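There are two complexes below, and they share chain A, which is joined by chain B in the first and by chain C in the second.
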Partner chain A sequence: MSSLTENIPQSLQREKMSDEGFITSLVVIVAVALFLLASLLVPNFFQWQNVVNLVTNNWAVISLGIFVSFLLVSGNFDLSVGGIVALSGVLSVWFAQSPDGANALSSGLGMPYPLAILCALIGALAIGAMNALFVVRLGIPSIIVTLGTMMVARGIAQVITQGSQRNTNLPDEFGFLGNLTMFGTSVKLPVVLMLLLFLVAVFVERKMVFGRITYWIGANPEAATLSGINRSWHITKLYLFSAAVAGMVGILLASEFKSGFSNRGTLMEFDALVIALLGGIAITGGFGSVIGMFFGAIILAVVTSAATGMVLSPDWQFILKAIAVFLAIVTQTWAVARRNR
Partner chain B sequence: MTGPQTHTVLSVSGLTKDYPGVRAVDDVSFAIEGGTVHCLVGENGAGKSTLVKMLTGALDPTSGSMSVNGNEYTPNSPQDARKGGVATLFQELHVVDELTVLENLTLGMERSWFGFLVKSELEERAVKTLAAIEPSIDPSARVSRLSVAQKQIIEIARAASSGANIIIMDEPTAALSEREVERLFGVIRRLRENDVTVIYISHKLDEIFELGDNVTVLRDGKHIVTKPLADVDGRSELIEMMIGRTVFQSYSPRGTVGNKVVLKAQGLTTSLLKDVSFDIKEGEIVGFYGLVGAGKTEIARALYGADSFEGAVDFKGKPVGRTPTAAIASGIALVPEERRTQGLFTNLTIRENIPVMNLPRVSRGGVFKAADVQDAAHQYVEQLSIATSSIEKHTEKLSGGNQQKVVFAKCLFSNAELLLLDEPTRGVDVGAKSEIYDIIKDLADQGNAVAVFSSELEEILGICDRVFLMFDGHLQEEIPNGPDVDISHILNVVTGGQESVAQ
Partner chain C sequence: MTSYSNQTSSAARFTSFLRNYYIYFVLVAVVVLLSTANLDQFALFERGNFLYKRNIINILRVSAPLLVMAGAFTLLMVSGYIDLSVGSAMSLSAVVYAMLAINGVPFIPAFALTVLVGVLLGAVNGFLVVRLNITPVIATLITLSLFKGVALLLVQDGVSAIKSGNFLKIPGWFNDYGRAKVLFDLPAAFWVAVAVTLALIVVQNRGKLGKYAAATGGNPTAAKLSGINTGRTVFLLYVIVGASAALAGIARSSFMSLGDPLSGDGMELTAILVVLLGGTAFSGGEGKVLRSFVGALIIMMLTVGMLTIVPAYYQTLVIGSALLAAAASNHLVSRKGKES
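Moving on, here comes the complex of A and B:
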């Protein structure tokens, strides 16, 4: 089995880099260049700790971005992940709260914590299954389906928390997973899990049949079916995986803050989509890489943190994201048009 | 010929069109008389569509000249052609569903005054034209409520009212029911009474005899004859002129055809197919021949599980599952009709395209064996002589013939024992064509069964051992291929002629 690093000289030998390799390297270069530029302009920006922060502060969005990227490559959207983050977090709290609380918001089902996590994950998977059902079986455009399930998931969370949050009457071990620091550093478990998931995703995308099938489906759905690929089942799996990861993110965030909050993860689905697009993944499917998505997240983080640290108030971050998205889409459309000329 | 009152409205002389490696239209000269229905016939690839494209300005001739009403005629675009008085009725309709009939008739010719539409004499003329050719259509009706045939008539009326006195109709009856065809013929006859010339292109010979005044026969890009249909002695003479004495690629019987039936299809029925039954033997190449829309593709897709159908398909004695995945698993592979949209992943490389139909062969535990993928790509690039600088080349950058070879490579890689080839050489240059025929023959020689679905008779008679003739969803007849195969009989059957009136 060849590792990633062994492949680098091989790809350099090729007469011409593939379009995908070109776009991904471009994203990496832009991310590094922006970081250096910000270092020149913003005092104290150029620090190792700051690089670490850029990654650790974004663990949740990058985790969600992995399957959002896979789905995008397969030609489908997943806008439900933010809602699932809220739902699974709230569910894990509600399931774990002891049933003898003083009022409705402080009493739950009193499950042991591992069982509460498991049941919360099942709740997340139910939303993923709904996505798959509507997209695959009923053929409804994924952007509409997942917009709906996003609201379903957050709506259920809202009902369970009565529009507020649940944070009392929890077992002591509830806060363990989200705050566990690893390797004697300040790096927390969720960040390590995100990095592991990312590496696995890169391997799956580059080296595994599962990853290639995703590309074949996105590149030409009809040819994929006629080549014997079971498109429905593959998309179903992608939606289930995406929901499982979002569910895990929600559980870890609930653990970190020891609370279930129905507004948690608001707009995370859009951030996940934005970093995927910034990372060069084609909105039409069949093209892109999770490596690009990862550096897309870095680009977005550098732009927002540098600009808000430099001159602008944090209120500007939406405008900056908007500009980044428009630039990414325009560049991509231009690049695709050039390719197909 | 018919008398002194005839006049030539359109003539071409020495018209030639060259494509790289092919002369599609070769020194064609003929004249069309005004106020007639002039039919243009020939086999697929005879040069009809190239000729029409030059007449409508979609293609520039390599040499030769055209004239309309005695003036030189050099259209650069269909709009240009219309100004010259030549309008074309394309197979796909160009009407706006949301507008009324009248608005469609005057579309693009509206008069306005400071941005407000004003009534013009144009509208009146359009209404009059429509009333003359098809009084049953209400000019104020919304086009979305009309049938395909009526929409076609709207297009004809638009062409006629815009002053065109020559209307080209390319296979206008392809999408029409029998009754609608009758109505269209009525319209064409009324056009002729109003001194409009119609150039009518169709594969259906019965229509030609029913409607036409004169006929021009093309064959292999050359002009064979132009004469009044009254002087043509029935279908058989016309067919003879279309096929001429051309010797088809010599078919030599192959010794590998076994007696073992590998595929048995019984009573295949879909919305188009009507109770189609046949079998295919080991080591045999069978051909399905018929016009466009006769049901060839439908058979291929049914056998492959790509479309649902009624009936039974047994492969090697077992029923075939009804999905492409199941068909591939049992040893059937399909080279689809449209390679770019159905066969290839054009934005991926040759290496990434080849293994898709047989992933277990290049992976273990879901992980690709990278070396095996590379080897497979190199092997098939060499075996099928795919012309490329590298296996990392994107398939969209390959020529048509090489793209088709990549689709073949995909199917071969699946270790299929029955290959379904739907129009295997469409849009492929001559050289690649004969290479593809060699590939097909090799496959059968190795004991595989091959089914070729084609609308090119030369292809079918060049390589197939047995031929099934299709017409309108029916399998009309099965004939063995051989040196004494009766071509005019085949053409008669697939154009809807009765089997009994052969020869």
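Moving on, here comes the complex of A and C:
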């Protein structure tokens, strides 16, 4: 212990940084370092537009990652988000399509667009409620439940689209939300929503009771219950919020492409989990931060786009993801263990 | 363990009976349902009779990959661990096997080498989980991505799978393993699955590994304190699961006559579904190899049977619902058993 404190500068010695803050700053440093490294290796990587792209291209996964992270912090998985993205997108298209199409795939329910969005969101929330029911009420491990609901959600989307997609006979305003550019720049509405959501999440996580309760539950579920926290209700709320955000992402993606595609969002649930793990959120619960998740997404984006820039085959992305997560987990465990030795 | 508490009341005995034998009732129910359903108009079920011999043979030989994995996966889940990478391990083995065969390696060395690759893949999982102490779900999620990536890289750019091309031809013996009739008109792949399952049943009921697996899953601390090397047990189980995934990959690629790097996608979910359907508790400690084998038969009959009744795009929904239903009923039954 004494040898460690000698090496720490004065400012830190007075109030030792928490392990969580330490890991989160580590993630930020790694993200920046990787970006600089990639700038050296890949021509034209070091550009402001590229930094913007790294964030804007990943708005969907980062949005999903927010509540996936909250759930991980509380000790639960949510692998259903990819399925919900497909389901809500397909539902919003089906509800909004006018009923007089030439065939089954081009005729829907003909609701006005706002109502269609609302109903699609309700569909997404239903999947979230199902997650909560099985995980909280029946006590089934969340990994199995959410894999099941992921398949159910995507399965419903596939039935509605008959295994392909619906993209005809849509009202004109359908493509508005997903393609709306903001502040006279090329940044679109979904990206701005993601950033807002992220800032709110950081505030909730750090400063609000809701966020702190999430950590207590993850760190010690029994102690949380004994100190009067309604654990079931809290986890239920988290699953509902997660489903709502996934539903929103699905609706925005459907709007951006003006189509409801049943395979949209495939593997997004894994990517959301991967960026949370890269960001230093521990699966054991009670540890980590959405800030880390955000920079975890940047790390993944830098690694994959740099790999593409160095003309590796796109098949490499799976191996790179595996190596990145492996290194992240091993170094984080090692760093925390060494720090507290 | 359970036999003590079950002598206490008839209700408990009934629950235990239900837990041990319900899978066979489900099997009979599914067979009866499929046999009586009117399938005249569909080509796959000849003469509208499910119990027609060629139909049964077809289902059994398509099931070989799943059947061969069910037993090993059960033992792993009994020990309280999980392997999400089996699908990718299966794809990778299928690709490796096809690559060996297409480059002129004869059947037996190609088979042995591929199983060896499976053993290695299992060892990687075991290393991550046991040595590096990474949570099983995360560790096998990492290898899921890794094995899939390697499988995709092994296949040339611009080609979707290893198959006969202009220069290299898949040899004639390649699909004998998955298709040629060996015994009772069933191919070797099916009989290998049966043999593996029988061996694992013996291991579970008579062998040390089976006892150690149950002890590790039931109470890891107690198992460690009573001198069981839980780390080695789990490592060995991961290796066995890897080897069985390789056997599944060989069976699949032999049946399809190609090495498809995506052929095992989703197999991990089917494997979990089958094991849960067989009544294995996901908390570990209990479960039977034979029941998972029967569970695998049921799932294959349902998926193949379903294709003739509803369009293919209903499959995901049905499998997902079955997974949730199996998890819920499994949980309710095992909780009742514990409360009594």
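Keep this in mind: the second predicted complex is superposed on the first by the 316 of 341 C-alpha atoms of A that agree within 3 Å, B and C clash if a C-alpha of one lies under 4 Å from a C-alpha of the other, contacts with A are read in each partner's own complex, and residues count from 1 in each chain.
Keep in mind that, in the parts below, a residue touches a chain if its C-beta (ideal position, glycine included) is under 8 Å from a C-beta of that chain, and two chains touch if they have at least 3 such contacts.
Remember, predicted model here, so these are calculated numbers, not experimental data.
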Which partner, chain B or chain C, touches more chain A residues: C
Touch check for A:234: first (chain B), second (chain C), both, or neither? neither
Look at A:209 in the shared chain and tell me whether it touches chain B only, chain C only, both, or neither; answer first, second, both or neither. first
Which partner chains sit in contact with A:325 here, chain B, chain C, both or neither? Use first/second/both/neither. second
For A:258, using the defined touch cut-off, is the partner it touches chain B, chain C, both, or neither? Pick first, second, both or neither. neither
Can A:286 be said to touch chain B (first), chain C (second), both, or neither? first
Which partner does A:143 contact after superposing on A: first (chain B), second (chain C), both, neither? second
With the two complexes superposed on chain A, say which partner A:163 touches: chain B (first), chain C (second), both, or neither. second
Once the two structures are fitted together, what part of chain A is touched by chain B and by chain C alike? none
Considering the complex alone, what residue numbers of chain B touch chain A? 304, 306, 323-325, 327-329, 334, 336, 341-349, 352, 356-357, 359, 363, 366-368, 370, 389-390, 392, 394, 410, 414
Along chain A, where are the residues that touch chain B in the complex? 1-2, 14-16, 18-19, 207-210, 212-213, 215-216, 219-220, 222-230, 286-287, 339
Mind pulling up the chain C residues that touch chain A in the complex? 82, 128, 132-135, 137-138, 141-143, 145-146, 148-150, 152-153, 157, 269, 272, 276, 282, 311-321, 323-324, 327-328, 331-332
Write out the stretch or stretches of chain A touching chain C in their complex. 77, 130, 134, 138-141, 143-145, 147-156, 158-159, 161-163, 262, 270, 273, 277, 283-284, 313, 315-323, 325-326, 329-330, 333
